[in-house]
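There are two complexes below, and they share chain A, which is joined by chain B in the first and by chain C in the second.
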Partner chain A sequence: MQCRKWRAYTVVSNPVAEGKPVVERERLAIEEALRGLDESAPLPAAVPSTRLPVEPLVPVPGQQIRAVGQRAVRPDSRNHGLGQTRYIADFTLPGMLHAKIKRAGVASARIKRIDTSAAEAMPGVISVVVGCEVPVNSFGPTFQDQPVLADQLVRHAGDGVAGVAAVTEQIAAEALEKIIVDYEPLPAVFDPLEAMREDAPKVHPPKSNIYHSMVVRRGDVEKGFAQSDHIVQGRFTSQMVEHVSIEPHAAIADWDANGRLTVWATIGRLTLARADLARTLQLPMNHIRLIGTIVGGNFGGKNEISQEPALALLSKKAGRPVKGILTRGEEFIASTARHPFIMDYKTGVTKDGRILARTARLVLDGGAYCSWSETTLSKSCILAAGPYKIDNVRSEAIAVYTNKTMTGAMRGFGAPQTCFAYESHMDDIATALGIDPLEFRLRNAFEEGSQTPTGQVLHSVAVKQTLLKAAERFGWEIQS
Partner chain B sequence: MIDVMIIVNGETRCASVAPETTLLALLRDHFGLTGTKIGCDVGDCGACTVIVDDQPVDACLMLAAQADGRRVLTIEGVASKDKLHPLQKAFEESGALQCGFCGPGIILSAKALLDQNPAPTRHEIRDALAGNLCRCTGYAKIVDAVSEVARVYRSEQSRG
Partner chain C sequence: MKRRGRGIACMWYPIGFTVAANPSAAVVKMNEDGTALVLTGTVETGQGSLAVLGQIAADALGIATDDVYVVSADTDTTPMDTGAIASRTTYVTGNAIRLAADNVKSILFEVAAQVLRVAANQLEARDRTIQVKGFPRCSVPIGEVCKRAQTTLGQPLISSASWNPPTVALDPESGQGKPFSTYVSATQIAEVEVDDETGEVEVLRIAAAHDCGTPINPMLVEGQIEGGISMGIGFALQEEMLFDGAGRQINPNLTNYIVPTALDMPEIDVDIVQNYDPTGPFGAKGVGEPSLVPTAPAILNAIHDAVGVRITSLPATAEKVLAAIKAKRTDERRQIPAP
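Moving on to the complex of A and B:
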């Protein structure tokens, strides 16, 4: 029955295939059949055996099937809609244990003692791990400043201090309650501007809380301000944002008897993650097999390892595979978030609305660890002046440690924060000058061949056309 | 332990579970129906939506024992052996499934709506899906897909 349907599809004449070599015609017929898959095809959509040529098909220029302008359906969406896609939470391995991580719950403290004996004595608890057992207890995509499990200092409330693997999630969660941690509370700092002061508590003593900075200069801003008719200033702040991917961070670690480690993880950057696993666990890279699974939303929040080394050690101690899934609460306190920015803008304009100079000072609240702050900082600093022709620009960005959840990659790497600031600032300037906000942007927007503050010459620039088209679409009329 | 008997996707199934077991844990851990997802486990995200006696329910908020003797439809029971449900087909064709994690819950919320109201307005569709979060922010295409199915239902009705 199934085969007859398929044959019926393959004999459909295909104008694209006319005059093509036999091999190509067969391939096109199969593609046509796949494209024609609809509700009449049996489920699950299994491709019947075909007489595909053994030699690989090399694309021939000018003879490929049309792709541009064709509707494409996500190849994985059928399984998604049928509930057949397997995310990590849906996997079970024989003998698998469930892990939970104990979170510090205090923003800044020195760990005096961790007593895990009561937890280890609980029936159903198979293994327990603490920070001092991690071979190299630090990782990070830029600076290796984040511990797998905090062993000396707690730098934010979401820091893990111990991990438990048990036969059920419930037993693991109960065991966390029995772990006793003695803390010596330390002063904490939560405001990035406060954290920049000399006398502020240090998040990573003895290092300064300012851990990265960058300046972009073009022209002479002082001269530009001196020539300006008006100077407009403003401060803009943005808040911390969690990615909240609907699938929480999840991983399974299986340390086998040959000393080989297999990790299934919801990580987007596998090569980096494998290097971090090799470093933290002091395992040769070729002993680690890292399998990236289908991810239920990343948005930048799953770009580095988190619990994986702890799960690996729990698995090593237990001799069994260990699965760990963050709770929704942990997602908010223990995974990275978007950087809150404090953005100070100053712009000098002529009476007729030409921008002569702009300065921007961005302070990034990095939270307790660097994560992807360096990338976020560079991108925001480079883009801080906005898509406008300005001869004199100075933008400065500073990333600062605070005793809060670490901030890292999130869609746009800092660009959305600055966009919010400079566009709000543009509206303020337009209001101050009494010029229509759209007209003010059109007078200053990038054009073909404009140079960015970093000296990049731009081509295919369509800022003005885009603005005008958008204004037309939502019915904005320029008020003169 | 509590003995629970439910009719899952038309099939009668039994399990002996601890009293605190949720319907979600029963479906996933005891019956192996992992199409029902755990997003938050506290009733915020709707990823675990199933249909219990015609009503969409967050399976994480219902105890397994509360579902005893009732009919439960999970995503695994939406398609027939050889045919996609129109909603699954529309979701696939509209690009309404991106990472796919919220998909099963949203399809079931939409199905519960269409089963009761085959001709919902766009507003009614949005209202029925208000309990389901999609963080890929694909809401427009999701609502498009449900509207498309509703449109087909309406035209079938008018042809009557």
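Moving on to the complex of A and C:
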């Protein structure tokens, strides 16, 4: 089988040697590859990336090769097209176990007791882990406020409280049912505005629920409003959404007898993840090998560790590799999501449509843990006024803990939320002034050398070009 | 009755982390036949970054995209990288690879200078050769140079480099500073059809004009924009995680949490505007995240244009749009004076 597989690669990567027409070569390669499908192929050491011929790149004498700007075929496209790309779900190691994590199911509680004895006694269950066994039971990119497995307080319903490794996925799932956790219910808070009140239940007692804030101000907004002909205000809110990557969070941990840990994971930020593994497991970094597999979608949802330290400890206890794949339900309840925003905007404009002043106040629902809230908050606060020349601007943002799924990195880091607000707001102002929305934007858009609300002088600015090009493609005619 | 409307939305977006260092390191090495390997710690998450990074290395070395193989994502073998996050891979990791390739190229020039008997600064790498600038016939195949470097001069072609986008910390009181090295911008215009009896919104087409600096691979830029728009449509019209009174999710599944499918996709017309950022590799910036940022407001503004209601909370579900249309009708009726 190995030979056949290898031959398929050879056919593809040395097409000239075959001496056949391109179409014929490709057909042979595909047939060969399909015949060579081999479920028991060994785990690749790193991301496999098949070299494929890209026809236009064969050099023609005297014709310059320029790789930049080419619509080059991705090196992984043929594996994807043939269904040969291996994701973690496709990998098997000898003796590998399957892990499941028990989720709290309550949003706010104190853990009084965890009894895993019945689960451990089940035939087929090899190892069980709880939070107090994690050497350092906290992680996070900004604040280390998130436990690997909750051991004292449960702060949202998706918190993990115990992990089980068993010979099959089904036995592991059944074992979770036998784990008994006694909870003492605690008051909870779900609304970010309520959570900001002094008397609100604290998600991380004794710390305040407001865990991060930021201000960007430039010029004098009060003076700008006083000089304005019109003042327009609006409140906009956005919802919590999931990344919904096709591939869920997945990992295999293999803690070998020499004490070296190898983890294959879908994480998109390996350097940070290895640091988090070293911290939570108290291992020197050179004892950890973290391999990023080909990922079936990230969108910001896989930028930090989640179940990996628990899988590592299950593997250490069992002496066997352990694989864990989150279910679709866990993707929703136990992985990060996009921050819901509450956004208050106020803008002062002249009659002829020049923006004189703008304020924006943003409240971010941070959920139970900080995760990437700090980055989301700073990006949204800096970008809040939009790509417009405004001399007087103030934006404030605060992130608030609630007893809900933690919100973190997601494609755009707060920009989709604020853009929804400032661009809806821009149309409301254009309507109030009776100016075409495109025209109103063109009058205020950044240009080369414009200053941002943080005072940065911009270079390579193309805001107006994008407005005009989109209008041209769409066929937008300015109505005056 | 189905009513059509158009809506525009514009945005700006930074590349890389806010102030915080987010470096990338890279290793470029060449084989004796003139092919090359790139080692990077970033991860391919489906966006096609390995193709883009390979193209950057190939262009810097004057060889073909297919001559470069990119090894990625292994903390034992690949160098440090801040990762596939913040739309930074093309810009930051790309710059590191370009710098490492330039280092390798200077070794190539030293070796070729001896063969061609010219000064190293008179040479350039193109068309899989090292040639004298302006005299393409006075050249030596790159494979020959690589082989000579290793077997005759004992100087293997390998080099590493790193890059970190320059920033200035923000003043804590005023937020003044330079949080990012560079920004991109984009405009999307949507045409929608709103059924004013059901509140249902259909996105018919979207024109999307994006600035990403030089598009290293225009096909992958278009792919990012089309994918971003699908995510933006879900954000605008459908997706919402809902919780019960006890803080438990009530729709943690794909039956009740509806994401857009191929059937929901509008006609998309992508324009990559011409731009060049001197701080990026070959003038490139990035496009991953910005692709979805203006989609939702463009759709919401188009709904407003179509039926005259301003939906201020996302998502604009059919129920929400219909309720707003009904409320608007009631308001309008109230304003009609009694006979």
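One rule holds for everything that comes next: the second predicted complex is superposed on the first by the 414 of 480 C-alpha atoms of A that agree within 3 Å, B and C clash if a C-alpha of one lies under 4 Å from a C-alpha of the other, contacts with A are read in each partner's own complex, and residues count from 1 in each chain.
Everything that follows uses one rule, which is that contacts are C-beta pairs under 8 Å (C-beta built on N, C-alpha and C of every residue); 3 or more make two chains touch, one makes a residue touch a chain.
Everything quoted here is computed from the prediction, not taken from an experiment.
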First (chain B), second (chain C), both or neither touched by A:G296: both
Which of chain B and chain C A:S117 touches, first, second, both or neither: neither
Which of chain B and chain C A:Q479 touches, first, second, both or neither: neither
Dominant contact partner of chain A by residue count, chain C or chain B: C
First (chain B), second (chain C), both or neither touched by A:V461: second
Partner chain in contact with A:Q84 - chain B first, chain C second, else both or neither: first
Chain B versus chain C as contact partner of A:I382, first or second or both or neither: second
Touching partner for A:R74 - first (chain B), second (chain C), both, neither: both
Touching partner for A:V244 - first (chain B), second (chain C), both, neither: both
Which superposed partner A:Q233 touches (first chain B, second chain C, both, neither): neither
Residues of chain A contacting chain B in one complex and chain C in the other: 73-74, 76, 244, 294-299, 328
Chain B contact footprint on chain A (complex, rising order): 38-39, 42-43, 73-74, 76-87, 89-90, 243-248, 294-299, 325, 327-328
Complex contacts: residues of chain B adjacent to chain A: 28, 33-42, 44-45, 47, 74-76, 78-79, 81-84, 87-89, 91-93, 95, 97-104, 107, 133-136
